[in-house]
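Next, two complexes with subunit A in common: one pairs it with subunit B, the other with subunit C.
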Partner chain A sequence: MKSNQLLEKEDNKEMRKLASGVLAAALLSGALLTGCSSDDPDPAPTSASSDATTDGPQSGGTLIWGSRSEPGNGGLDPFVAEVYRGTAIIALIYDTLVTKDDNGVIQPGIAASYTQVDGKTYQFTIREGVKFGDGSDLTVSDVIWSFEHHREAKGAGDAALAKLESITEVTPGVVEFKFSDDNPAFLNNISRATGDYFIVDQQWYEAASENDRQISVNGSGPFTLEAWEQGVELRLVKNSYYWDTERIHLDGITFKITGDDEGALLALVQQGAVDAAWFWGAEYAQQAEDSGWTRGNAAYTSARSLWIDPTFNNGALSDVRVRQAISLAIDREQVISLGTAGLGGITFVTPPAFTELAAPSATTPNYTRNVEQAKTLLAEAGVSDLEITLTYGTNTTDVSALEVIAQNLADAGITLKLNGVPYAEVQNVFTTGAPFMSELIYVVGTKAADPAAAYTSWLTDGGLVSHWQNNPDAEAAKALLAQINVETDPAVRIDLLNQLNAEVADKVLILTPYATPLAYHLWSSKVHGYQTDPQDGRVHLRDAWIEQ
Partner chain B sequence: MNYTLKKPQDDTKKPQTKKRFQDVNVSLIAGIAIIAGLTLLGVVMTFWPLNNPSLSLGGRLEGPSARFWLGTDDIGRDTFTRVAQAALTGVAVSIAAAAGACMVGAVIGAFTGYVSGWPDKVIMRVVDALLAIPSILIVLILRLVLGTGVWQLVLALAFLYSPSVVRVIRSTVLVTRRSDFVALAEIAGVNTPSILLKYLLPNSLPTLLVQGASVGSNAVVLEAVLSYLGQGIQPPQPSAGRMLYEYTKFMQTSPMLLIAPAMVVFLLTVGWNLTADGLQRALLITRSGVKK
Partner chain C sequence: MKKFRAGYAYYVAQRLGTALLVLLILSVVVFFLVRLIPGDPLAGYYDTHGTPSIEEIARLREQLGLDKAWYTQYFEWLGGILQGDFGASLTKPFSVGYQIGRRLPYSIELALLATIMALIIGIPAGVLAGQRANHLPDIAVRTGVMLAISIPSFLTALAVVLINSRTLKWNLIGAVSSSKGIVDNGIAMLVPALILALPFSGTVVRYLRSGMIEELAKPYRITLAAKGLSDAEIAYGHGLRNAIIPVLTVISVRLATLVGGTVVIENIFSIPGMGKYLIESISSADYPSIQGAILVIASVYLLMSLIVDLLYPFLDPRIKSGVGES
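Moving on to the complex of A and B:
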């Protein structure tokens, strides 16, 4: 269609001839490819580009991935690296005991199978024949050591193993984890692709220096490190010892590092210098898509939240009616269409990438805009000319969305002042528990391993950002969270989480105007078999292949 | 023999024309015209805006039209009105910062230049220290202490540029204080504050104006830099620096969103610099009597 429109404006006959030729060639190619794709024996999972396949996946070739970031603090050390830009690479090199599929269901990993004996006991049968990148065998003792070392390294901050009593090999090849208390989030925590519960070669790790662990690897995953020139590129090659090696089509993946300038990354995309890329900014993603690239399925892993301190400034937001008025005044559809270039989604506190949980609907309390009702609630609460402040880190790319929210609130007579501060100040709030600087603080959330973790720090009494002590509005939510933290039946737990999401939306204990993917994944027409995963872990690079 | 009387040549005309043209202080006029023009535009667009710049009245990233002269931004706001208001903000902040720096700097500079001795040494070492620290660092620290807001920004900028005014005014006063009229005033028993206010500062006024214009130019750039970093004018109030930061991502799709605020910063800086040059020229003429 775009070609036709252009032709109408173009008087040049030569151009018409050329365009006609291109169009004919495209139609012919399309017809051929359509015929071929029906013979594809193994279409890649949910691939958006499988229409261009010829005779199934082609093996070989190196995929070049443009990225603005590279592993930061901790480098490639699987026990030290915590930030996403590091773990997203490590996830391609190291394996976890179990994994999570795109539907949120636990699947085998290094463990060929697992059993939840009861709420406190889990058993895993370790897959046979698994080797590390240097050819050495992955043993049960490596598995046990990896978890024990993880607990030593993380101490009290170890979410999955805090209540661990023992890890033992109960029968040959079967590892049992015993906890002192019910640990229903255990599988979620250890299955996260970009988490840090990787299985590591004990001998290699202990022999390597602290520095070597950060710049070299020895994992059992599909790829291994060939070279890392910091700030320039990081090259992975296929791990020839990988236990599922036939699944891997690529010879390697090269990450081209552009730094924080996404404009430079977009230039690489438009020049065809990379085969795939991920963008933080929706605008750049859209421009890359306009260049003919495929944008992956929206994996809304990042809930954009406005955290509330109801005690701030003499308790302006302590009255539930005031909070409900704010939520009702927000036009979520408009915030998404203008503030995220239409690429965002509606969310609860738990982002939509938790596909196992229910998404917000038309019946979700206080989510459908109703300015008149908002004004009525404010009048009932005896509040007029409400002025509140929202503090945000100035490094955010979301100011436009916040400005739309300010406009929305103005319609209901609420003045929202925006207060930009260095991001470190915002970070202090949720890493050290520093006091809020205003009634609201804008937080870019990332998808945790377990959905309940999204609530822990601000809804648990004693949590780092908890400001809901002695507030009756939060009691029901707290009771639900307490239940969730001990419920071991996955189905019941999901139901409780859905109830908690609805309760928080009803009492407006936190405001979640929208969610976005943490990064927008895009790829050229040469790339097949790839799709975004709900963990933003690029796990489907294991299935990807590239036209030679 | 016929003699024809030649009409006497009016040899004064051409040189006079040339002289008059040379007399015109083009820099000063152009500088003031640019600043005044942007101010007028900003005032008109503030009190009688084409469209409410705070509301999303149009579609996303619309092109120029009869309603939206420069199109709309990413959330559908009128770019022209916002840019015009950003220009006014830039003018206001730079004038206020320059005025503040000049007031503080002139008083301290005149005092330290007149009294000499240990107060002069102490004050000038502090001034040297402040001038040695990168300006962006000082102003960022001040922003952390003072908080965000237009007045806090003006205070920070005024503080930042005061030391340079102190140094310039002190050097002027060091010369003026040796004048006969100052000596006579001292003999007549005029007190120090009166000497400063009645004799020394008025004689430093031309220098102060030049320095003030120079501070204005620097303040425009620094305000844009701070806003670019998110530490200047806070949204939704329009600011050229913040626009440059937020709209970089539209460089390819909607370049006008970047060009317009960049032009505001450019014009304001040029306007202040031309004003400073013009004042400098006028000052030289006044002092030497030579038109340069």
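Moving on to the complex of A and C:
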């Protein structure tokens, strides 16, 4: 049952939007646009752009994609670019050895075929006739060098190649990877579209300066860089040497950059100045949809998590009953309904976009709201008037969801203080291992290449964000993760991952109230053949075409 | 004349020395203030891409020079600037100097356009209000000024964008690179410049109106009228020349402020100028970019003040005679 305060909030949703809009406008902009949004409470996700034109795909034209950001540090260097906004563009320029389709099935890429000889050995037959953007041939030695250089550049941080023993050309055109131990996540890791296991031209890369590699490209993918005017636009044109060039309809893609203000991006949409765009804010996405645009049928790729430090302050959250009480007090349906405008789903730590894994159900421990049980657990733990703090980066679009959670917890007698800080301060925790600044930290997760990766930094003793050393509550989860990391039978591995998800939910080692798409892709009626891919990577621009 | 030249040379040296000293002090202050900003400059590397290993972090920290002592970092940074190198950005693949070089022209263009528009609106309105003080034209101008000054620019901008998005659908958002044509580039800047010009013109009117009232009350006005000059000739040919001196100071300050201080307008219209650059750099804790941006914005501010200071002796005979005596 909703509290009076919450009902009041819901009733006055429009007013609240307007008020929050004006406040945000004082800082930047776009807020008034939010305030004037329509208020469709439950828009059904739309399907892929309908290719109603009977003539079939049209070739030519440049698609203009509105984006609030451009590649960050590392630029377009496939080995150095770390940030998502960079790798999403690199995915259109460089190819991987294998790829994953929308159903998560491994498909050929630069490798025309592959064989998993055993848990430690993989062989790939390199496709013939592949060329880089400058017309030079992609060779087996480029493939071997790309992986060796990746391992050299990433060092111990290289997830896929940590246990690599050798990469050799065993027969002409066939590359073999041999590992010292079973590496079940290998294919998942190297096939990720927005990852960084790209095949690069060794000669070009070594000849280019460090800076040139970041602002120029030479990939074997469908597009290549024409120009990058920082803060204005980044222009890709069709790579005439692309091995599957018949598949590519567009002459080019221009990413028009607006900066962090999504209000400006929405204005571009409403003015018809762009053909497609991606938004992080659900409300902006809805307004773009209201303008007649198609919203991509996006998977819930981003689990929104509340990371817990059970040792923080006086260790109030070290008692599993307290954590369970918090989880039980959260009304996940309500958080999704009010906090994400209905554009979210219930999730484990691994986001629902991992469709091979089981989704939370009515029997998932501590997921169904039960305020009375939460109060009982708190009483059993001897805790009264619990006051905890949740820290979040102020750049998030999810503050309203956090407010709903705070209201939910208040019903169980738990005071949740929301502490907004600059995003960089939150990131401090991940990049330097700095102590938590509160019991809980709000984190926007991304679908990793492999589902186990969501747990690695948390449940590995000595990991930067691991706070579960010597805590018996986490032992069973750690043991499961260790098994998962070496289990080569896919079915057994999935079963273990499901067990791990349930175990983490039961012991509440991480709180995951909801998941959403990482971003919302929208496009105008001129765009056809496009659909949001499960990685949010815009890889389907390879298949898109635009009405002339 | 010789006496004036010697005095003027001393005056220039004094002003220039003061400006350089201010810049040096500012560089120290900025360098330390930037390090008080919470957050790790490495944050920009990772975004939503997972948690790095400890080894990876150490490698990056060393690569970016963040593991060095603060004074080493400061002197390396200062030494670089003296050689025209503002350093590498921590969050972008472009050097700080390159980014400033790309963004400063947008800000200068926007500021100049806004200033020109403010003068085109403000000078005739200010002169008219001064000439016809407390009469209908003056009341109309003052009402307009009140509105122009009291409505925040961001509100006007948001209203324009919102209404345009629902009606005319003109392409008002996004800068056009000058490489695509000066005309297109200028047109894209017109609306934001006009929005910035409105409150600016209000300030010009207020200063000019009071200056004109003061000037036109002086006895020389009667002499000029007796010589047969029209009201317009008296106002524009004589009154304006004296009344505009304080306005010049206002213009120089506002122009300099506009170069770095139009963050909101730059955000609303997606203009990649210096204000936007500074805010982006602060939010990502990009130390070299913040330092470079503040230093350049401050330099523009000081340069404008310096230019006005150096022009004063030529515009105002009283200052000229003071410089000569010094």
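The rule is short, and it goes like this: the second predicted complex is superposed on the first by the 500 of 548 C-alpha atoms of A that agree within 3 Å, B and C clash if a C-alpha of one lies under 4 Å from a C-alpha of the other, contacts with A are read in each partner's own complex, and residues count from 1 in each chain.
Keep in mind that, in the parts below, a residue touches a chain if its C-beta (ideal position, glycine included) is under 8 Å from a C-beta of that chain, and two chains touch if they have at least 3 such contacts.
This is a predicted model, so every value here is computed, not measured.
Engineer: Answer with clash or fit: subunit B and subunit C placed together on subunit A by superposition.
Structural biologist: fit
Engineer: Between subunit B and subunit C, whom does A:Gln407 touch in the aligned arrangement: first, second, both, or neither?
Structural biologist: It touches subunit B, and subunit C stays clear.
Engineer: Which of the two partners, first being subunit B and second being subunit C, lies in contact with A:Thr99: first, second, both, or neither?
Structural biologist: neither
Engineer: Can A:Ala434 be said to touch subunit B (first), subunit C (second), both, or neither?
Structural biologist: Once the two structures are laid over each other on A, A:Ala434 reaches subunit C alone.
Engineer: Applying the document's definition of touch, where does A:Ser220 land relative to subunit B and subunit C: first, second, both, or neither?
Structural biologist: Neither partner.
Engineer: Would you check which partner chain A:Asn183 touches, where first means subunit B only, second means subunit C only, and both and neither mean what they say?
Structural biologist: neither
Engineer: Counting residues of subunit A touched by each partner, does subunit B or subunit C come out ahead?
Structural biologist: C
Engineer: Of the partners subunit B and subunit C, which touch A:Val399 in the superposed model: first, second, both, neither?
Structural biologist: first
Engineer: So in the superposed three-chain picture, is A:Gly263 touching just subunit B, just subunit C, both, or none of them (first/second/both/neither)?
Structural biologist: After superposing on A, A:Gly263 lies in contact with both subunit B and subunit C.
Engineer: Could you look at A:Val421 and tell me whether it touches subunit B, subunit C, both or neither (first, second, both, neither)?
Structural biologist: It touches subunit B and subunit C both.
Engineer: Report, in whole Å, the shortest distance between any C-alpha atom of subunit B and any C-alpha atom of subunit C after the two complexes are superposed.
Structural biologist: Here the least C-alpha separation of subunit B and subunit C stands at 6 Å.
Engineer: Across the two complexes, find the residues of subunit A that touch subunit B and also touch subunit C.
Structural biologist: Subunit A residues touching both partners: 263, 266, 395, 421-422.
Engineer: Which subunit C residues qualify as touching subunit A in the complex?
Structural biologist: These residues of subunit C touch subunit A: 37-57, 59, 89-95, 98-99, 102-103, 154-155, 157-159, 161-162, 164-166, 169-177, 179, 263-264, 267-270, 272, 276-277, 280, 283-285.
Engineer: Under the touch definition given earlier, write down the residues of subunit B that touch subunit A in their complex.
Structural biologist: Against subunit A, the touching part of subunit B is residues 54-56, 60, 73-76, 144, 148, 229-231, 234-236, 246, 248-253.
Engineer: For subunit A, which residues count as touching subunit B in their complex?
Structural biologist: Within the complex, subunit A contacts subunit B at residues 262-263, 266, 281, 283-284, 287, 334, 337-339, 341, 394-395, 397, 399-400, 402-404, 406-407, 410, 417-422.
Engineer: Touching residues of subunit A toward subunit C in the complex: what are they?
Structural biologist: So the residues of subunit A touching subunit C come out as 25-26, 28-33, 36, 71-77, 82-85, 87, 154-157, 211, 214-215, 229-233, 256-261, 263-264, 266-268, 270-273, 302, 395, 421-425, 427-428, 430-434, 444-446, 448, 453, 456-457, 463-465, 518.
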